[in-house]
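Note sheet for the following structure.
Going by the order they are written in, the chains are A, B, C and D; count residues from 1 in each one.
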């Protein structure tokens, strides 16, 4: 058992990092076809620069947990090939901006092989990557690019908002039979939450009503969902009842759950960290306004980050990033109070 | 040739089938007249299918982008005889010779060219994405160089499972200049993967000359950058190609790691069917025509005494019969149901 | 003057291919810093597999029009570097699916260098690429991926819908001081339209009201805009007045022009060829519904292609692709007739 | 050293400045004691800045991800003395030594580390994206290997303009395994571009050992795959590094094409500031420490008689004064105005 997982057992809460780590550990324990590759992920290299894979190569063997050269195309290609031969590879792309390198492997191959082969082959790989602004890492180490993959048929895109979800959803990705992109937030990785039940898989494709409310629905995924809970609490004191719909699986999107919620509340605020324009939020809005035209009590509002390169200077980075206050303001605006 | 049925048990056309079944056991053996004959048979199957396809395309009875392997038959055949049906192949849009050499049956192959529901990929992938796992045809890609990293993964799985399979990945000279080539060869060498990298150097990438795009005299030399055995052979020479293939496949099967083979050859029909090929100087073209591997190999077979004109003619007849039968099958097959559009996007777990 | 341009001079109409070709020719004539690189683009290689660059290397010299190896990262990198040194490179990526290979160069570098350098450097490159379904080229040779680039700050995305626009907009890209992605449709390349005025640049960032109407706005770009004109004519006979807003520059989007039109008509149908989900259409819808909430007489509808890999078989490809009939149906639906 | 002001005319710190101004004319000359001194000066500037930064980081007075060049000073300095201010540099996150060797002034450099409005990039790029065109620092990238294709473009522009400039691109050993490296070297060789590819092989990529990731004994050997001159030198040996650099820069300037230089070196401070470096065996670390280029080069300078202990101490004092002045400038400078967020996204034409 990994260090992270071990320490996790003691407390009833675990961090995101522990959750990622435990999911990988348990998946390898559950299924010998689960293998891993990525830069610096073996224990000889310290178990990954974020220590998520720490202990795994030692426990499961260097043949199942392999450190690779800095060759993202080779990493994803190897994952795809191994998956075609019956394995369930988990590839780590250290940071999301580096996923620009193996785009061909992911989009032209991983996502399309099942369809192009007429279902003769499929690509059950999981690509773990990490990103997120707010840590002062600047323009090439902070981008949230999930919208690209959501737009690609054949791909599944997953973003967790709690450690327990992270654990269950990562297992969900690994045991899903299609290529999954799993995004880990670098800013909240040390934040904690209730520990998940060992081995409990969260199946992909289903959104989660994380808080039940009646006045307005906050719909989104990832970090902003955590802010939404705080805001919902605060507004509850004022008698404003906020419902929170956490997509969990960004794509394919669980439109039904989203529409059910907004049909009930009549108001929606869509949130994500990525820049607003042409982001996933636009798709959520487009589906809501088309399906619920006439039932909406206010326009669907979006809260997201600015349409600029992520700046280095903290003063500018803070300005780039969506703010919790923006979410609160948007909620109030839809309510006219 | 006793088996004259359309396909042998494992579904590979008999003509091309005979050899592979026991190739593994003999690949280290000398290049016997029998081996030469096996190469000829695979090469001739490719050659006859290619000729038929070009006839169909000319007459408009087949409408698909087609990348003829004319001129590269021996490269694929002399490698193919060393592979088992269970070995893996990753090839490209110009891959019909590799697929046939690997043993793909004609019916699903042709039906896919015809975009029919009975095609290997139900008409959804098409000629550029032929897939047939039963004969090890795992991936056919239309993206230059992208097959190499994927081949490593298939080989990694074999290494983990110790299933003794070898993965063959074929690509062109132009592909040797793209990043994926570099990343894949480096990783394969580091991990000692059972892969054979077969570069079919036909001297052109679309309409660009080799020299204009590739800053090395022989692509085989690039293996040195990865501490990998590299060899450059005359891909039109059945024996040279057979020996180089035998060695590379054996090395991979023995767990001794990958090999880069550069097979010098030429494509006589241009990049795609209909390519006027104006960029190829006539003298150059004629010089290559003089080295056409098909007549050359046929003559060698006859000279070896392993087969007579009559026997070769009979083989041709058998193969042509299989081709006609498969074409009929493809022509008679229905187009995919429109409902197929939503199938195979995601798996059942979706 | 190129063959294409020459033949074009005779007639008053030119094809898209002639328009692309003339724009490149005229740009090189107008400005010595305009240079080109790409696979097979020089005359020794036939002037490009689509013949768009035919004649240019002969007239302007092989040093300004260079055939490259099959190395898309090297192609875009060389364009970026040359632009940093004052050139205006035009790089050809033969087909859009191959743009997955140089994504790092485009997104992490071309799009961000101006911002990350604090404006000290900028990247005036034009990336020409070609794509579009309907030609039976299958899963890896047909994708419309413009939504990815529209989501990247610093990039400009341009898609023409007529030969004259193609000419003016390509010049607009070449003489723009930021990285531009110019998308050529492989299906309509032989279609013709009125010839442009030599040297007339269409500045980027402005949408074009291609047809004035009062009942419903069709908003989009590229090939479907051509279908929209046919439909508008047909519906006019029934007394339905359709306005057509051709974005021309997909991103940054000219929201004002779009909103003006929809504010007037009260109805909108958004169209593009790319798959619907998470496509550029969603952004158009999101902006309209937020700005014009309460003024819309119907939900904003989207017409786009299916969320699947582009199939090879024509029967399936036709099913994948958006249909002109879908646009007409959507228009009627917004009008309830 | 007469010029003890913060910066010389071209804005480069005087200490590091003297050399470059006329380097081009002398780079073919013998490795004189004067040349050794110039290398030392640049190396010492790098060394003192690095030490200062690490002190600031330890004390928390500077908060930024920092990739120390400690151990690689001579590689950058011995190359830098051969470059003109007008030559181009493309470097990486671990690039402060290259930037200083190229002549970037301290004030905008430090202010950028401090994320201030007076920083070279107005605080918008940060340490990983240092840019300073006046001294030829064109691109600093945080993406491994991505600088190489861009360097080709700068060199292509120089070739077209015949401006005689040379483009230097630096990268690590790990970067030699990524696709962009392969594509860039092949193109540079084909086009005979005036580029110098300087691979600083510090034996690790983050926490991964060279041998585990790179399937070649010496990265310099990889030049052969591109018909390019390749050399592997001891980057800690001022003379060897100076000669290899002189030759490569001359070759590029003469229009004879690119060179790949692999400079063997070591990074003593791990990947990033704070890296415990547990993955480096102590014996290995100590063995490298014994070959630390700084004391070694300093001893050589003194032995050559070109400078006395006192003169070197005076140079240190001057440089430290410049550093303090620049740090004060950075500390006193304001943070960027929030309005900067919308500036430099698009140009005026937008």
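FYI, a contact is a pair of C-beta atoms (placed from the backbone, for glycine too) under 8 Å apart; a residue touches a chain by one contact, two chains touch by 3 or more.
The chain list, named the UniProt way, goes like this: A, C = Pyruvate dehydrogenase complex E1 component subunit beta.
What you are looking at is a predicted structure, and each value in this text was computed from that prediction instead of being measured.
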Exercise for review: Could you pull out the chain whose C-alpha mean position is farthest off from that of chain D?
Suggested key: B
Check your understanding: Given the two chain pairs C-D and A-D, which is bridged by the higher number of C-beta pairs in contact?
Key -> C-D
Review point. Between chain C and chain D, what is the separation of their C-alpha centroids in Å?
Key: 41
Check your understanding: Quick one: chain A and chain C, Cα centre-to-centre, how many Å?
Key -> 31
Point to revise | Geometric centre distance via CA averages, chain D-chain A, whole Å | key: 38
Study note, to complete from the structure: Note: chain D sits from chain B at a C-alpha centroid distance in Å of 48
Revision key, fill the gap. By the touch definition above, chain C meets two or more other chains at residues 68-69, 71-73, 97-98, 101, 104, 108, 115-116, 138-140, 153-154, 307-309, 311-312
Review point. At which residue positions does chain D touch at least two other chains?
Key: 121, 123-126, 129, 141-143, 177-180, 183, 186, 190, 212-214, 345
Practice item. Using the touch definition up top, name the residues of chain B that touch chain C in the complex. Key: 63-65, 115-116, 121, 123-129, 141-145, 174-175, 177-179, 205-208, 212-214, 278-279, 335-336, 338, 340-342, 345
Study note, to complete from the structure: Within their complex, chain D touches chain C through residues 88, 90, 119-126, 129, 131-133, 138-139, 141-143, 146, 148-161, 167, 179-180, 183-184, 186-187, 190-191, 343-350
**Study point:** Contacting residues of chain A [partner chain B, same complex]
**Key:** 35, 63-64, 66, 68-69, 71-74, 76-87, 89, 104-105, 108-109, 113-122, 124, 153-154, 156, 175-178, 203-205, 252
Practice item. Show which residues of chain D lie in contact with chain B when the two form their complex. Key: 177-183, 185-186, 189-190, 212-217, 221-222, 224-228
Study note, to complete from the structure: Seen from chain A, its contact residues with chain C in the complex are 97-98, 100-101, 103-104, 106-108, 111-112, 115-116, 138-140, 143, 145, 147-148, 150-151, 153-154, 251, 253, 274-275, 277-283, 285-286, 289-291, 293, 296, 298-302, 307-309, 311-312
